[in-house]
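Supplied in structure tokens, the structure appears directly below.
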Amino acid sequence: MIQFPGEHSAHAPASSQAVLLDRLGEQLYGIGAVVFVLVVGALLAAAFRPRAAAEDVEDPTRERRMAAIVAAAAGATVATLIAVLFLSFGTGRELTGTPPPDAIQIRVTGRQWFWDVEYRDSLPSRWATTANEIHVPVGRPVVFQLRSTDVIHGFWVPSLGVKRDMIPGQETSVWFRADTPGVYRGQCAEFCGYQHAKMAFTVVAEPPDRFAAWLDRQRDTARTPTDSLTRHGQDVFLASTCVMCHAIGGTPAGSRVGPNLTHLAGRRTIAAGTLPNTRGHLAGWIVDPQQIKPGAHMPPNALAPGELQALLAYLESLE
Amino acid sequence: MSSAFPSRPGALVLALALVWGLGCERETRRFREVPPTATPGSALRLSSINPGPAVPDSTIRSTYAENAYAVSEGKRLFTQFNCVGCHAQGGGAIGPPLMDDEWIYGAQLENIFATIVQGRPNGMPAFGTRLATSQVWQLAAYVRSMSGLLRKDVAPGRADAMQAKAQEQATTEQRPEESTTPPQAERP
Amino acid sequence: MARVPHVAVAALFVAIACSSSDAGRSRSASVGATASLPEADTSSPVRDSAGRFDAGQWVMSAGDYANTRFSSLNEITTENIRGLKVAWTFSTGVLRGQEAAPIVVGSTMYLVTPFPNILHALDLANPGATRWSFKPGPLNAAQGVACCDVVNRGAAYADGRVFFNTLDNHTIAVDAGNGKEIWRTKLGDIHRGETMTMAPLVVKGKVLVGNSGGEFGVRGWMTALDAATGRIVWRAYSTGPDAEVLLGDRFKPFYPADRERDLGVQSWPGDAWKVGGGNVWGFVSYDPDLDLIYYGTANPGPWNPEVRPGDNKWTSSVFARDPDDGQGLWAYQWSPHDLYDHDGINENVLLDLEWKGAPRKLLLHAERNGYVYVLDRATGEVLSAEPFHHITAYRGVDLRTGRVQVVPEKEPKSGVVVRMICPAAPGAKDWQPMSWSPRTRLLYIPHQNLCMDFEAAEANYIAGTPYVGANVKYYAGPGGHRGELSAWDPLAAREVWTIKERFPVWSGTLATGGDVVFYGTMDGYFKAVHARTGAELWRFKTGSGIIGQPITYRGPDGKQYVAILAGVGGWSGAIVAAGLDPRDSTAGTGFANAMRDLPQYTTKGGTLYVFGLP
């Protein structure tokens, strides 16, 4: 069983939004527990009440007392529900408030079955494109503009408290502010086809300076190959089927059918969180992706062993 | 009911078997099957005459042309690999129309396969080194659907995009014309 | 022999030298060194005694450096034109769209056919007879990367040589007398989707050419080749760093927002400028006084604007450059972050007129986006931008910033069909060139009336395949007619008269000293109208739709002739030229939907018609 990085629990909140949601959940749980105990208690009391004598049944005082109890219970229920409504409403208002103006803007496009990620900037030349792994700075709000080009996907990061559908033809948005550094796992939350289950992504919350360095690197074009093996690997990449689907900045490959590979080597996983990003896994994925993720849009690629080794060396050099 | 009819449970079983049988091939998704390559020989021809007694046209059935998943993949690839940039949604632009009954280089699935893989002299690029064989078969099957040559339950339905033409499912079948390669006099 | 005073001889030399540098102001076209006569041509001299080409010739596609397409020849008038008849015809042998302007030098006419780009030299003294034909043999595969039919817009003449481009990116110089190739330079690569279709311009010994391929993610450029040797003198790209766009210390754009450094990189995401378009497939103008060339750049790639945020400089722009070294003096972007494939390559007509009481050097331009611009061609300031056609996509041009204002509801979005965008992608006017008459002081604008539905779709850059990312279809705009010929007063900014046509008027116009304006329709009529009133004076039904550029010249017999190529095609006529199927309304990149009935009115053709008075 492969262990994947990332906290993936709504009960381990790492952002202000997730904390609010978790708190609401606990409050509802608490209220529910109390209600549960009371209801079960009343049920048990009713079930094990000693059988009343026939003449007690029609006692008007008893009737009035029962009516009062029922009315009180009904009133308590309504009051509880209104309280819960306010709690929920208040939390909802906090979550959907307008994001602060200094928020980082990220556009995520859900595609079968991976994630296109674009970091926007007021200066277009400072846009950065990557895939399947999102880095965010701790303590700074991040706004996601979500869309899809094929079917409805769902952008869900349980530990960071965001979940929003990505609908073709519309742009939805959601935002959060990560408070705790760490690695968090996200998952597609709307059934989107054969490999919906293997459409995960990673969100890395890191200190602002580390984030800035990472983002600057993402803005660069790909590392030019320095030795003959990686040069050969780049030639293999550009000469075979890869260029029909994948883009590597700074090379003639510019297709968006598959994930952008410009900085592939810096990612923790490949195939949208399906495999760890190691040489062996990458080789297996390139040669026979249908074995790992049947139905994925990447065809098998039969490469001569020397070519495969060179290609792996090149891809591993794309920091 | 009269005794001429089969028994009710028997009829039900028969009906269910028919439904299951008809849908089976159409929906099967083969992800790791090794696809056939287009073999030369009598199956692949561009001329309708041959020496000696006439050889009938090939009757090779292809699993790709009877598989709805393969055809829908072909439709996806047709847009993603920019075929749509030259051929539009079948009406043509830089390249000739694919939705009519004129086939310059042959209308059989193997001919279309060869055209995509080899390219053609007046501007069709050679995709042979750039596409997996299964992808080429999927594209070829989709191209046939554009002129209504596939079964209605296999051809794609309404696209989730601007409605440029009738869906392939509803396209009337246009039998490929013979001899539609432009004659000598019209060569560019 | 009498002794000629030395002073007189010297004065004569000075006069010749001065007048040869004086060329270009009206409609002459001197190119510096003395011209040599085409071989076997003794009928009329190429230059007159003052060293200028006389009005009886047409040595470049635009007629003159200022792109006026006006001829002072006035033998054919509004009175006698009813007698205009076919003098002779010539079949080019090619049945695709004929967009070229024939050129006339002395008693020889030179015309370039669509692919395979045969250059014919016709003897005007023996009408229709071929002196020679030059077959350049371009690569067949080039036909697969030409977006809008395999057209060619004509040749240029200078110094005894004829220069033209082939579809597979060669510029070729041929001896004008005997048709032998002098040099050939390969400038681009069809594997990248690059082609060349434009008509070169020769300025001061340099052949100016540009590339096509905005629908293939080709980075646009203009290149100057040495007319004698074909070597590249300079190349100015349309996108990228200032060093490659040749914007240096002399670059002084009028608007402050255009003055930052490396805008050709900063206004694009990542390295999208490398596949950004900005091609140079239109006409080039030249002002000999200011010594500046002017030309426009085409659309940014891909059509889907969501993929290329930023202004996308310098696509859909106009450049003013020094022809000697290519350095830019100013630039202005007609459509920043173009949303609708509104190329900026339409011709720039250079006129010296009075603007608000003071004489001014103007540049007039009828743009794809529907506005007629009047610019100061010395500085690049937009003096006026008025709509000459129905527009829903823009709200006007803000003259303070020079920026065209886009209507947000009409912006293309992925997965959404935006409807009733006017003008459509071919614009209110496409490449088809207008003409100017100094007698009526009107511009004669051939254009179309089309609106469109546009759905942005995913765009994948795969070299050598289209990089568009849009599903589009066009249809007639308000009124139902698809074409118009309008007479426009640029100083009053108003339309004086207009003629509605069934199909887009995809041919150029020609204005003459006899107050006649010539143009052709896509259903094959070559028409002459009164320049002042627009009344139709004469028409002739040619064999096929007309999308070419009419010219006029004085023949060897001294009479005035008008020539036009007939042969439908181009982007608008591809439904006939390429046999498209209109059941798909996105066929022909959207045009087939608007031209469904064209096949009922015309078939393919490829014939030159020459008309004259009997």
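Miscellaneous remarks
Order as written gives the chain letters A, B and C; numbering starts at 1 within each chain.
The criterion applied here is as follows: a contact is a pair of C-beta atoms (placed from the backbone, for glycine too) under 8 Å apart; a residue touches a chain by one contact, two chains touch by 3 or more.
Fair warning: this is a prediction, and the values are worked out from it, not measured in the lab.
When the interfaces A-C and A-B are ranked by how many C-beta pairs touch across them, A-C comes first. Ranked by how close its mean Cα position lies to the mean of all protein Cα atoms, the top chain is C. Chain B and chain C have CA centres that are 42 Å apart. With centres defined as mean CA coordinates, chain C is found 53 Å away from chain A. Note on chain placement: the centre of chain A and the centre of chain B lie 39 Å apart, centres being C-alpha means. Those residues of chain B in touch with two or more other chains are numbered 80-81. Multi-chain contact residues of chain C, defined as those touching 2 or more other chains: 415, 458, 460, 462.
Touching of two or more other chains is recorded for residues 168, 243-245, 255, 257 of chain A. By the touch criterion given at the top, residues 79-82, 84-86, 88-97, 99-100, 102, 119, 121-125, 161-162, 164-166, 186, 188 of chain B touch chain C in their complex. If you check the complex, the residues on chain B that touch chain A are 29, 31-32, 76, 80-81, 129-132, 134-135, 160. Every residue of chain A that touches chain B in the complex is listed here, in rising order: 168, 194, 239-241, 243-245, 255, 257, 288, 290-291, 294-295, 297, 299-301.
For chain C in complex with chain B, the residues that touch the partner chain are 94-96, 115-116, 140-147, 150, 215, 415, 417, 453, 455, 457-458, 460, 462, 464-468, 471, 473, 574, 578-589, 592. Chain contact summary for the complex, chain A toward chain C: residues 120, 123-125, 127-129, 147, 149, 168-169, 219, 221, 243-245, 247, 249-250, 252, 254-257.
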